[in-house]
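In the two complexes that follow, chain A is the common piece, with chain B as its partner first and chain C second.
Showing the complex of A and B:
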C-alpha cells in the first residue's frame, strides 16, 4: 500500500506546477486579452478559496462571510485609485472639484477624514491587508475566545456580511453606496485600463496567487497545520492537551481573511471598480461554493474549482441568457450528490486508485516506496 | 426652455426622415434594401471593424433577465426586440438586417461591466441597448468610453452625467420633476410637501432638485424628507408622521418591491388617495401590476409616457406589443423609452451614412423620431431627449388617465444650474 500523506504532498506540488503552467503559460497563449482579463477576475476569487481551504477545509471554521474581507481589501485599493482619478483637473464639472464624484452628488464638500490617508499608495497597500485582518481579528477574537464555533460562527459571519453591506449602501456619500466606487483609471499615473496593463496585472495576480498557495501549503505542512487538523477533528482533545485552541483559530481566520483581501485588491485593479455586491451574503456563499466544488481539503482543487465554476457561469450565461441559473443550480446539485468532497476528492478517491490499479496490473507505473 | 412641436406625427414620417438624409441615401431608399446596402458599401460605412457585413449588422441587448431587477427590465428587452423586428421588416438599417446578441446582467453591476465588455470587444456590436439601474450604467460607462461603444439607455435617471458614448432615451431628473411640481402647485394649490425616497442616488438627487424648486422657485415648504433602504417594507412610522404634518402633497420616489408595502400600508392607515394628493415619479404601469390597482388608485404620477396615451403612434405600438408579447403585458414609461433606442440608432446611422461610433455620436444631436409612441422626440446636443412631461392619475385597473401634459417639449438639462 502507498502512504496517502506522503503521496498527497507530492501530488500537491505537481498540482501547483500544473496550475502555474495553466495560468502562466497555456491561458495567456491561447485566449485573447478580453478572456484573459476574465480569467484574471476569476483568479481573484481563487484567493478567497485558498483562504477557505485553510480555515474551513483544515480547521473546520466555516465562514459564510468571506466576501466581507474580499470587499474590504477591494475597497481599500479602490479608495486609493478613486482619489487618484478624482484630481481637480478630472472633476472640474463638479460643485467641489477634487473629491470623488459620488461625494459631490451627495453634497459633501470636503474629503472625509478616513479617506485622506488613502492618498498614499504605501498606506493603501498596507490597509489592503491590515483593515481586513484587524476586522477578522476583532470578529474572531470575540467569537473564539468565548468558544463560539461551528454553525453559530457561520451565522455570525453572515450577519457581519449583511451589516457591512447595509452600512456601505446606507452611507453612500462616504462609500459610493450601491453604485460602488466606479471609473478607476490610473495607478500612479499608469493607465490600468489598457490591454497592456491588464496583461501585467494578470501576471501580478497569478504570482500573488501562487505565492498565497505556497504560503498556505507552508502553514499546512508545518506542525501548526497538524494542530489545525486536530482542532477540526477533535477540538476538545486539543484543548485538554494544553493548547489554546482559540488563538490558533484566530490566527488562521485572520490569515484566510488577509489572503481574501489581496484577491479583493487585485479585483479592483483588474476590473476597474468595486461595489457592495461582493460584500453581501450571496457572493460570500458563492465563494464557499467555488471551494466546495473544487474540494475544500485541497488547495489545488479550490483554485481549479473556482476557475471551473466561474468559467461555467460566464459561458452558460452567454449561451442561455434566460436559463443559465438553472444550469448552474444543476451543476452544484450534481457535484454535491456525486462527489461530496469536490473535484479534488473525486480525483484522490476514485481516479487515483484506478490509475494505481491499472498501473499495478501493467507494471507501467513504478511502485511507490512502501511505507509500512 | 421650450421647443415647438411642428408637425403631426405619423408612421410615414420615418420614411420622410430617411429622405431628408444624403442624396445617395434617398435615391437608394426608393429601391430595395439590397440596393441600399450596395449604395453604402461595408468598407465605407464601417471603418472601425464593427460587426457589420453586407447583409447584417449586430447590436447588443444588455439587461437583467435574472435576479431582482428582471421584473423591471423584462419590459425593456421586449420593447427592444419589438423595435428591432419592426426595423427589420421595414428593410433594416442601411439595407442591413439587425441581428441581436442578448446578454444577462443578472441584476449584478460587475456582471454588467463584464458583459458590456464582451459585447464590445468580442462581438463588436455596432450599438448596445441596455442597462436600467443607475448602478449598472455607472458600471458600464467606463467600458463604453474606453472601447468606444454606443449605449442607448432607457431609464429616467438622476442626470449629472453626459457622455459621447451614451444616448439617454429616458428623462433626466429636471424633466420629470419641475413640470410636475409646477402643475401640482397650480392645480392643487399645494403649499407643503413631504418628500420620500428609496435610499440611493436617483431618489436623493431627484428630491434635492425637487426641494430646490419648491423652496427657491415655488416659494413653498418642504415639511419632511425621508429615505428607506431598498427593499424596505415597514412604512408605518413615516405614515404616522405624514398624518401629523398633513402635507398638501406626498412626493414619493420609492422604487421596486417597497412600493407594494408602502401603498398597502398607506391605504390601511386610512390615507385616501382620492383626498390626499400623492405625486410619484417612480411608479409606472409595471409597478402597479405588483402594487394592485385598488391600492394606488387616485395617485398622480409624473412621467413622459402612459400606455393609455391616445395618439395613432401609440395605438399601433400597443397593438404590436400585445401581438408580440401577449395581451396581458403592460407597458410602462421605461418600456416605451427602450423602444425608442433601436429606432433612434437606425435614424442616426442613416443620417450619418455610417455605422462608425464617432460619426453616430456627432450625428445624434438633432435626430428626430416622429414615430415615437410618446409623440415626437428629438435628440439634444447633450445626448438626452427633448420630450413632454405628463401627469397621469392611477385607475383601479392599473392604467393611468392622462391629466396634464406640457404644451411644449421640455429641454433636457442634466447639469441644472441652481439645482445642484
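Showing the complex of A and C:
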C-alpha cells in the first residue's frame, strides 16, 4: 500500500525533473511544430489528471464529470478570444456586426449580458478559475454536506456532465451549440494561430502544468494531505477526531476542478476552439482513464499516463479509428484488474527494486543495512 | 439523584427507534467526573447504540443528553468531539495507510480546519506529545511503522492513543480488549487504570474477567433498558442479571 515516507517524496521530485526535461527540452527539440502542438493538447488533459490524483487517488472521491470543469475553464477563455475575433471590422458582413458569428446566425441582435464582462482579459482569466471553482463548490457543498459519496457522487457528476452538454448544445445562440466556440484568432492582437505563437503557448502550458504539480505536491505533503488519505481510509474516525470532513472534501474537489479548468483554458488557446465534446460523459471518463493508467496515487504517473494514452489514441485512431473505444475500454479494465496503481505502481513495485538489485550487483549502489 | 450539575454526562429519557424497533428505550444514565463506568449486556442490548447517541452518530428520537450541563443532542459530530468527548469504535478504526506517528499526529486537537491543516508545522512540541502518548500505549518502537502492519491488539491501543492525544474529558471505549491476547489484556487494564486518573471513561465490554479487573461501577443493559446498576459484586449476584446475561 501507499506509504508517504520522505524517500517517496524525493523520488517524486526526480519524477518532476524528468517530466520537465521531457516536455521542456526533449520534445521541443525532437518533434515538429504540428506534433508539438498535439503534445500541448495532451498536456492540457494532464491538468485534469493531476486534479484527479488529488480528489480520487488521495481522497477517494471519484468524479466522472471533470470534463465539466475543463470545459468551463475552456469556455471562459474561448469567450474572451471569440469576442476579440468578433470585432466590428471582422464581422461587418453580419446583420449585427460586433457579435460572435454563431449569435448572428441564431438571430441574436445583442450580446447576451453574461458575455459582456468577457470583453476584459483580466476578468476572463479570473473567470477561468472562479467559474469552475464556484460550480465545483456548489456541487460538492450540496453533496458532501449531505454525506453523499462514493458511487452516488460519481453518478451525480456524470449527470452534471450530461446536463451541461445538453444545455450547451441546446442554447446554441448563447454557446455556439454543438460546434462550440470556433475560429479563435488573437489574444490582445497577438495571432495565436501561427507556429511561433503555438510554440510559446506550449511552453506556457508546460510551466502552468509544472506549477500545478508543485501546488498539488505542496497540498499532499502537508498535514491536509495526510488527512485526505485518512478520510479515504476511515472517514468516520476523522470525523470523530473533531474534523469537519465535508470541508476537506469540498476544498480538495474545488482545487482539483480549478486545476482542470486551467487545462481547459490552455486547450482553447492552443487548439483554437472549445466545444461540448470536451465537457460530456465520454471525455470525462477518458480523463479518469488517463489518470488510472498512469497511477492515481502519483502526480508523475498521472501526467505520464495522460501522454501515453493520448499518444496511443492518436496513432491508433489514425489507423483503426473505430477500434479505439474498444481498445480504451480494454485498457481500463486491464489496468483496474492487473495494475490498480497504474504505471507508477508498476514502477515502484517492480522496476525500482530491479534497478536497485542490478545497481547493487554492479557495485554502483551501496548495500542497504540488513533488515531486522 | 442530586443536582444535575454534579454529573459530567447525563442521559435522561433517551429513546431511539429504528423503524419502530426501540434499540434504546427511555434510558437514564449519569456519569460523574472522574468515574470509570462499565456497560455490559448481551449482544444487541443497545450498548453501541448508546455510544452512537452520545457522540452524535445516531440522532435521538426523544430525551436529552447533557454534557457538562449543556444539551448536546443536535450538535454535529465534530462539535461534540470538540466539547471533549472521544469515542473508540468496536472494530479498531485507524488509518491503515499512514504510519503510527502520522495516526497520532492527525489526532492532535489543533489545525483542525482547512487552512490550519494546510500550514501545519510538525513542531518539537508535537513530536514530544506523540512520543509521550506512544509510550503510554506501548507503541513507541513502532512509530515509523505503517499502521496496517500492527497486530489487532496494537491497533486497539493505537486507537486509544489517538483519543488520549485529544485529552478528552469523557472517553468512550467500545470493547477495547476484543481480539487481544491474555497479556495484552493485562496491559490494557493497566493502561485504563492510568487513563482514568484524569478523566471519565465509559467502557463497553463482554469479557467478565477484564471487567472485574477494572470495574468500579457497572451498568447492565438489556433490550435497550437498564437492568441493573451497581458495583461488580452486587451485579454478579443480582438474580435478574444472572438470568439474562451471566446465565451460568
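Throughout what follows, the second predicted complex is superposed on the first by the 336 of 372 C-alpha atoms of A that agree within 3 Å, B and C clash if a C-alpha of one lies under 4 Å from a C-alpha of the other, contacts with A are read in each partner's own complex, and residues count from 1 in each chain.
As a convention for this text, contacts are C-beta pairs under 8 Å (C-beta built on N, C-alpha and C of every residue); 3 or more make two chains touch, one makes a residue touch a chain.
Fair warning: this is a prediction, and the values are worked out from it, not measured in the lab.
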item: First, second, both or neither for A:275, with chain B first and chain C second; value: first
item: Partner chain(s) touched by A:357 [first = chain B, second = chain C, both, neither]; value: neither
item: Chain A: partner with more touched residues, chain B or chain C; value: B
item: Partner chain in contact with A:147 - chain B first, chain C second, else both or neither; value: neither
item: Chain B versus chain C as contact partner of A:324, first or second or both or neither; value: first
item: First, second, both or neither for A:222, with chain B first and chain C second; value: second
item: Touching residues (chain side chain A, partner chain B) in the complex; value: 32-34, 37-38, 41, 93, 95, 102, 105-107, 166, 169-170, 172, 177-180, 182-183, 185, 193, 271-273, 275, 277-278, 314, 317-318, 321-322, 324-325
item: Residue numbers on chain A that touch chain C, as the complex places them; value: 1-4, 219, 222-224, 226-227, 229-230, 232-234, 236-245, 247-248, 251
item: Chain B to chain A touching residues, read off their complex; value: 65-66, 102-104, 106, 108-111, 113-115, 117-118, 121-122, 134-135, 138-139, 141-142, 146, 158, 160, 199-201, 204-205, 208, 229-230, 415, 420
item: Chain A contact footprint on chain C (complex, rising order); value: 55, 57, 76-78, 81-82, 86-87, 89, 93-99, 102, 105-107, 109, 111-114, 117-120, 122, 146, 148, 159, 162, 166
